[in-house]
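Listed after this line are the structures, all set down as structure tokens.
Same chain, two partners: chain A is paired with chain B first, then with chain C.
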Partner chain A sequence: MKSKLLLSLLAATLASSAMAQVKPEDAIKFRQSGYGFMAWNMGRIKMNVEGGNFNKEEVIKAANAIQAIANSGMGALYLPGTDKGKGWEETRAKSNIWTDKEKMGKVATDFVREANEMAKVAAGGDAAAVGNQLGKLSGTCKGCHDDFKAKR
Partner chain B sequence: MKSKLLLSLLAATLASSAMAQVKPEDAIKFRQSGYGFMAWNMGRIKMNVEGGNFNKEEVIKAANAIQAIANSGMGALYLPGTDKGKGWEETRAKSNIWTDKEKMGKVATDFVREANEMAKVAAGGDAAAVGNQLGKLSGTCKGCHDDFKAKR
Partner chain C sequence: MNSKRIRLWDLPTRLFHWSLVLCVAAAVISGQVGGKWIDWHGKIGLAIVGLVAFRLAWGLLGSTYARFAQFFPTPGRIKAYLSGQWRGEGHNPLGALSVFGLLGVLGVQLLTGLVANDDIAFRGPLYDLVGNDWSNRLSGLHHLLANVLIALVVLHLAAIAFYGHVKKKKLLKPMLTGWKDDGEGESATGGGIVALVVALLFAAAAVYGASGAWLPEPPPPPPAAETPSW
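On to the complex of A and B.
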């Protein structure tokens, strides 16, 4: 019994060893960086759609960056206790991120799905379709922010 | 002659319209975000290689994020005049970024090449090969920082 417990503790330690080495303030900074970089790319897709000068290659690059960040496993950066603390700035993560797991899982899944779809639509190069998908993707950002990100 | 000049001015304006809408402080914040997010992913590839618990899927996610950011066209965020200014923090970009174009082009090309290779090697799942490629990729980061990023 004792050795079983030790083994299970060891397994848990190994599984989380990579994240255990990230300091809380760095975890907050890294996730703010991910969202910050996605914000640039969302903005430039929007400018391409609305600016009357659609650049397919730029939109593809932007969509690929969003997709790769969305699929990078950022959830691991929500270390216990990082609902408070300063990365680049004070975190605005609300504490229900760590408690309302069902809803959190749903908004995260929605976001990744629409980010993957955005990359596909961008590759197609149709400006109207990109605009339509950008609306869906933005909706998943907002859906999460409304519930899990504190207002300024 | 006059109309040719007007046309060429118009073309230049259109081509840069997307970036013209990004404020200098946001451009600095966005590039700091890109590097910040890559730093996380470089760190976790390193931890996977050195931690004795290589997780192929995590390494692939990390390498894909680095690759997509490297290929996103971040150079556009180096707007004229943004060698000074505050994004998340004061920029450490040195002014020779805007003047030593030949060397800057070389370090950028090196970095993108090794980031693309990192994604390929990660997909292969060989820990030793990943470690070797991480060294090459890190070298291109350092090569740029040495010349173009101010020390703290």
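On to the complex of A and C.
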């Protein structure tokens, strides 16, 4: 009887922790992982555009990966107070992410829009168009880095 | 003292100056805009490496008023200038400070830019020499110093306007034509064709060094490095 109670208590604890938000340290790690993974894919697209041997399949894979991350709702990882803390490395998220909501919302929306467009253009398989869209997409990355990512 | 028309800035100095104006303007704009322009920013940076390297060589080999030793702003010269005692042609001691300041900041911008990255898909040609941590730090410095550079350029323009309106000295025309109408010194000499060729070779070598073309090629993906197809 006693052990049954203990078990149900344990189960309840586990369930509530599964529902709880991700820990700040993990949130920062996931963020950094997402951007790092996107950087790999940005580089892949760039290599295909510049290298002279454009591989449509490679570009589609890379663009789809970026699109998936862009649409994953990464905002959920921006827990209040996580402008400080260490994931894989010290976070470079600036505190105005949480205060300058309007502008932050705009740069995030711009990014998602161009990431979706990137996937569409990649499927078209036109190297010049891909290069052009890569420029637009990088521009939206920069739009956030300029104002919301701390310089080292 | 009787004034006369003198040869002040030689042609290479003037070509350097106006090319630098264009390139720095293009670098500042392409850097701020980013996106697909970041690759141009890198190329323009290499051009500026060539220009600055040329100017450094020309500061030793060029004609009279282009030489660093002629206008080096020693404390004595600055003091003399501030108390109105300085007489001379070419860069006055305060202007010389501006010249060295601009070249110095530009130099740091070039070195940091060559190893910088933008956290997106751009890496400077010498990125591999310093690795990611240092690249991040130096990229931060590169961003910061861009503002200092812009401030120095504004100061440079303000000084030219000040000299033109208040001190009635036209600095712009000699930089365009090479001639100064009311000179009090001697015309510039030196900086012949051999000096020019040497300076140009030095500039070309600097661009080659900065381009990273000499870095060992990343080994061509050996067939052994095959990765899973998923």
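Heads up, the rule we're going with is that the second predicted complex is superposed on the first by the 131 of 152 C-alpha atoms of A that agree within 3 Å, B and C clash if a C-alpha of one lies under 4 Å from a C-alpha of the other, contacts with A are read in each partner's own complex, and residues count from 1 in each chain.
The criterion applied here is as follows: a residue touches a chain if its C-beta (ideal position, glycine included) is under 8 Å from a C-beta of that chain, and two chains touch if they have at least 3 such contacts.
Everything quoted here is computed from the prediction, not taken from an experiment.
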Message = With both complexes superposed on chain A, which partner does A:G51 reach: first (chain B), second (chain C), both or neither?
response = first
Message = Touch test for A:Q21: chain B only (first), chain C only (second), both, or neither?
response = first
Task = Check the contacts made with chain A and report whether chain B or chain C touches more of its residues.
result = B
Query = In the superposed arrangement, which partner chain does A:N64 touch: chain B (first), chain C (second), both, or neither?
reply = first
Inquiry  = On the A-aligned overlay, A:A39 touches which partner chain: chain B = first, chain C = second, or both, or neither?
reply    = both
Query = When the two structures are overlaid on chain A, which partner does A:G85 contact: first (chain B), second (chain C), both, or neither?
reply = neither
Request  = Could you tell me if A:K136 is touching chain B, chain C, both of them or neither one (first, second, both, neither)?
outcome  = second
Query = chain A residues touched by both chain B and chain C?
reply = 35, 39, 43
Key: Touching residues (chain side chain B, partner chain A) in the complex   = 14-15, 17-18, 21-22, 26, 29-30, 32-37, 39-41, 43-44, 47-48, 51, 53, 55, 58, 61-62, 64-65, 67-69, 71-73, 77, 88-89
Message = Using the touch definition from the top, list the residues of chain C that touch chain A in their complex.
response = 33-38, 118-122, 136-137, 139-140, 143-144
Request  = Over in the complex, which chain A residues touch chain C? Could you list them?
outcome  = 35, 39, 42-43, 45-46, 131-132, 134-136, 138-139, 141-142, 145, 149, 151-152
